[in-house]
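The letters A, B, C and D name the chains in turn, as written, and every chain counts its residues from 1.
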Amino acid sequence: MAVKTFLEAIREGLRQEMARDARVIIYGEDVAVRGGVFRVTEGLLAEFGADRVIDSPLAEAAIVGTAVGAAVNGLRPVPEIQFADFIFPAFNQIVQEAARMRYRSNNDFEVPIVIRAPFGGGVRGGLYHSQSVEAFFAHVPGMSVVIPSTPYDAKGLLAAAIDQPDPVLFLEHKALYRSIRGEVPDERYLIQLGKAERKREGTDVTVICYGLMVGFALKAAETLANEGISLEVVDLRSIRPLDREAIVESVRKTGKVMVVHEDNKTGGFGAEISAVIAEEALFYLDAPIVRLTGLDVPAMGFSPPLEHAFMVTAEKITEAARELARF
Amino acid sequence: MAVKTFLEAIREGLRQEMARDARVIIYGEDVAVRGGVFRVTEGLLAEFGADRVIDSPLAEAAIVGTAVGAAVNGLRPVPEIQFADFIFPAFNQIVQEAARMRYRSNNDFEVPIVIRAPFGGGVRGGLYHSQSVEAFFAHVPGMSVVIPSTPYDAKGLLAAAIDQPDPVLFLEHKALYRSIRGEVPDERYLIQLGKAERKREGTDVTVICYGLMVGFALKAAETLANEGISLEVVDLRSIRPLDREAIVESVRKTGKVMVVHEDNKTGGFGAEISAVIAEEALFYLDAPIVRLTGLDVPAMGFSPPLEHAFMVTAEKITEAARELARF
Amino acid sequence: MWASVLRDTLSGKDFRPVQATGERYRQENRKGRFGLPESGLTPELMKDMYYVMALSRALDDRLWVLNRQGRGPTVYSSNGHEATQVGSAFALRRGEDWIVPYYRDMTLVLAWGMTPREVMLHFFAKAEDPNSGGRQMMAHWGSRRLHMLSTGAVVATQNAHAAGLALASKILKDGRVSACFFGDGSASQGEFHEALNFAAVNKLPVIFFNENNGYAISVPLNKQTVVQDISARAAAYGVPGIMVDGNDPVKVYEVTKAAADRARRGEGPTLIEAKTYRFVPHSSDDDDRVYRSREEVQEQKKHDPLITFAERLLKDKILTEAEKTEMAAKIKQVVDDATNYADKAAMPDPATIGQYVYGGALA
Amino acid sequence: MWASVLRDTLSGKDFRPVQATGERYRQENRKGRFGLPESGLTPELMKDMYYVMALSRALDDRLWVLNRQGRGPTVYSSNGHEATQVGSAFALRRGEDWIVPYYRDMTLVLAWGMTPREVMLHFFAKAEDPNSGGRQMMAHWGSRRLHMLSTGAVVATQNAHAAGLALASKILKDGRVSACFFGDGSASQGEFHEALNFAAVNKLPVIFFNENNGYAISVPLNKQTVVQDISARAAAYGVPGIMVDGNDPVKVYEVTKAAADRARRGEGPTLIEAKTYRFVPHSSDDDDRVYRSREEVQEQKKHDPLITFAERLLKDKILTEAEKTEMAAKIKQVVDDATNYADKAAMPDPATIGQYVYGGALA
């Protein structure tokens, strides 16, 4: 057991999976010699060689498309998309090819790939280096979408994602990379996809969230505890598969729900969470379901005032949760 | 005023817009000489010439990407994507470029394009000629997504879409093209985007829907009327902008809501409708919000039993609405 | 070994992939006898080639009849492309190498080991359809057993898949070659270029096989691109670009064989362009009279590979008229059998609709 | 006319697009004097070119200082690309033709009429930033006034935009040429090919201008593609592919002028590849020592266009030492002015965050 940053936990997870399974390869733009623009894959080229850690041409559709083929022919590719904002040229390969392969072939083929992509804002990335893209992919049957919030979860979820014989989008919030640390076991462990974790127990308001927002919600819970308001924080960890039971269970207890994400509101994944509750736990609700999310503008601005106005923060969660508790 | 099919109404709308505004051009695969694979653009090449009705190379990203540039430099392109299932190679150009252009340039540039795409199933199209793609685009600030259900609406919405100085995705359900007819005024008229229409008044259950589903819902309403169950059918007509008022107003009246679409359930646009209701009209609800949608499988199968098992039909709506009314 | 095609396609029985057949080819080769280089093509194999071509044409004719009678859904034909497809398939190691077919490729998949029954099961979208269990529209081929990767409908995606298959082969050193097939229209997609470039940089054992029939549905090649030879694109990537007469199955065989050998030697990808023609509309939903003259089609039919190859085999005494007649009778029987078998086969159970979205822990 | 760059950039005052300047160029041209073809380049213009290059370098240096002092955000440099960018900009009709710049193109946008104040306002993301009102990260240029299309960060999307601008020009017969700029890495994107092909088929008045600096962040060109000349891709599309020394602004000017003339004559697109080098890391967040040696960078700096072009102008007596010194002083003043102006300028009002998502009826 060692204390690691979020980034180190991911690197350690990759290293461990590559060491135990020769089929795991890594590729993408700048991942080999440079070790990735965020340094996540640093050292892997030296350890595993140029056959398994590959600097690819600048072409996302080819990165994912070749990963599909390589997976079919026996490898377990873990391609990296340099920023989630640049995943869209590969959208067709992910949504139409990777995610539909098993179904369309009636189970003849499977595509075990894990697409890693740094996402999210609050890091002065502006419109094209801050986006949250999870909702697009969580809508796609055949896909899994994993979004860890702690170093421990990151490593365990990554191992489970690589273990899963279907495409997984593994989203790493950039603002977490070096900002949080936590205990991470040295040995390999798997955290099952589709299992939420109650990161804090509470009784007044349920906050449903994932990724960077989890830490913010916990901070808000801390603040509000002093005011006698008790928040329950549910970290989804993966949004597809979605842990409906965990959501419904918490709603039944608190009767008040706030869904928090950084992505745009309309059609964001928060809508699905609301819909699940409206389907399965409607009569336990004591207040309208609140969605606290990024604004419905194309993406967050680069200028600090614009970025701040867009981002969901611990303060905004605190405020909204306080109001909801008083409803 | 003449009776026209859905397809004829769209063709007439295109013809009229092209005749009144020389900036309107049409292009895409097989749209000129062939008049489109569904014959929507038939006759336009002869009438407007090869400069304005262009057979393009087989490259969706280039079709949309060049439309963006052409729009900036003074045209009003109406590109066609041959089937909505093939829009994904252009996903980046639509979502990241067309839809963000006004915002990222602080209003310096605008992209008035209307992307027409046939979509939807029940026509033996199988996995790749039946898809519903609206949810992906309705999540994108800067986009409009229009889905008409009648010949009258199709023509009026098309004119409004071409009038709108931002990108519009205009989705035409293939099963409607030749199956429905209706009165269509000869003169030009605009139906404002973002205005739902109550296609039938009722008191027991609100069915919120769009496109092909509207006719199915009306049929269900007819059937259930005989059983003394009164359905209100709200046709959204555009899902972005979304007519929240119309939704909330109807929910307040009936207290029971069923959201119907053909697209996959999880993360489908129905989730957003549920979420809006859970936010704005929760305490008017007398029953959980029902989503009757396509299943959470990659897309509908080609074989008739599989297609039928996937598709939402008038019968399935009738059944689910009956059950909801009895709740 | 290829004589087994005859048996397989007749019986519809399970096909067992045969490993490494190159040695066998070399042994059977009779250099110079037919003016061929040492490509491994024997008279026996050429007869098999012709058989598959004739079988494919007959099967295709039947599909159109079924469609026109309202008994079958949309048809996508390889009608006209038979030589191209049979020539390339025979040059690869069936069941060991990977092919990633195009929807135009019924002849290819027959040559690769799919039986007429299986094709018909796919056409009728029956539960037994080995390509997709009736889930996909006709001509979306795929079979793990045959090493034929499943394809969707979005054109040119298969090019990256083939490069990826080859990437794994290179890393795993499994000696396999991957070949993807695509049309002239598909070459306008950016992914074709991305895949070719990716394969070139990594020297992957892959063949990009372009079937240039001059049209993408209604759009003629001169509206699709300026340079009418798709193979010209190869030079920009440092890859050999080879043009071949797609009506000559032997020439197609030779260039494909050379490309496969090159790939197996670790020298990287090859782009092959076979000039061909489609004699029928794009699909049974299309009407090609709108966009091309009957004269043009008639002119092209003079080079119908089915006729010209038969003539050549007869002339070279590889095939006799009697054999040809016998073959035709066999083919009719096979096509009837396939039609009847598939017609009677069960539809997919709607209860299976939710199956195979996920595997592993999420299944 | 280009002398106005000097005034504009000094004063920061509004730039008025000048229509059709070709005639003027032709009048001022002194054929043969500098061994140039009849390209329209005058000593006066060459001096202006040098001024913009020197201005850009100085401004860039300042950006790095601001970043390293923690006073400014991420820098994207044109450092090393000055000759390439100034040469191409000067060959087009400023404010009338369209450019679609790359993030690497600060020199280009300065040459195109953006003032140092405007660049600094953009860098500091202030409300007055004419590119995006502080919404975009540095180097996402755009200005309707200047006919410079706004760009995002996803590389190679701008190529299709340029083809589209040119499609409108062809249909509207507005006489404009559009030029997009992109890197060697970007050429691996499928959209580069799609756009080139689309433009070629439709004979569009567009220039695809590749700035080949041999790296895409850390990835060297030989891992990006096999053929090291991006211009080689043109042949496949029936388009001229021209390679030019990107360190020589006059040569770049000439080939760009020729391409623009060709476009205006209705003969279609041209792909230009300027070989250049970036002397600094990819951005201020990058550390280029990981992927290229200091020796390599030093070697390349021997061809620093800022130095070699100054030497040439001095030798040809187009520029005097005194003028050069005066220019440097002016530039310092301009850069100080821009920095101070932008530093003091207001941040965007957060209340404006919801503005300009839609226009028209939906605004």
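Methods note: a contact is a pair of C-beta atoms (placed from the backbone, for glycine too) under 8 Å apart; a residue touches a chain by one contact, two chains touch by 3 or more.
The model shown is predicted, which means the values in this text are computed figures rather than measured ones.
A.B. asks: Taking CA centroids for every chain, report which one is farthest away from subunit B.
C.D. replies: Result for max centroid distance from subunit B is chain D.
A.B. asks: Count the touching C-beta pairs: is B-D or B-C ahead?
C.D. replies: B-D
A.B. asks: What is the distance, in whole Å, between the centres of subunit A and subunit C, each centre taken as the mean of its C-alpha atoms?
C.D. replies: The computed centroid separation for subunit A versus subunit C comes out at 41 Å.
A.B. asks: Starting from the mean Cα coordinates of subunit B and subunit C, work out the distance between those two points in Å.
C.D. replies: 38
A.B. asks: What is the distance in Å between the mean C-alpha positions of subunit A and subunit B?
C.D. replies: Their C-alpha centroids are separated by 31 Å.
A.B. asks: Two or more other chains touching the same residue: where does that happen in subunit C?
C.D. replies: Those would be 132, 135-136, 140, 152, 154, 188-191, 194, 197, 201, 223-225, 357.
A.B. asks: Name the residues of subunit B that each touch 2 or more other chains.
C.D. replies: 56-57, 59, 61-62, 85, 88-89, 92, 96, 100, 103-104, 127-128, 141-142, 296-298
A.B. asks: Under the definition above, what is the set of subunit D residues touching subunit A in their complex?
C.D. replies: By the definition above, subunit D touches subunit A via 73-74, 125-127, 132, 134-138, 140, 152-155, 185-186, 188-191, 216-219, 223-225, 285-286, 290-291, 347-350, 352-354, 357.
A.B. asks: Contact residues on subunit B for subunit A in the complex?
C.D. replies: Its residues touching subunit A are 61, 85, 88-89, 91-92, 95-96, 99-100, 103-104, 127-128, 135-136, 138-142, 240, 242, 264, 266-272, 274-275, 277-280, 282-283, 285, 287-291, 296-299.
A.B. asks: Can you list the subunit B residues touching subunit D in their complex?
C.D. replies: It comes out as residues 25, 51-52, 54, 56-57, 59, 61-62, 64-75, 77, 92-93, 96-97, 100-110, 141-142, 144, 160, 163-166, 192-194, 241.
A.B. asks: Using the touch rule from the top, collect the residues of subunit D that touch subunit C in their complex.
C.D. replies: Interface residues on subunit D, with respect to subunit C: 188-194, 197, 200-201, 223-227, 232-233, 235-239.
A.B. asks: Across the complex, what residues on subunit D touch subunit B?
C.D. replies: 98, 100, 129-133, 135-136, 140, 142-145, 149-150, 152, 154, 157, 159-169, 171-172, 174, 176, 178, 190-191, 194-195, 197-198, 201-202, 355-362
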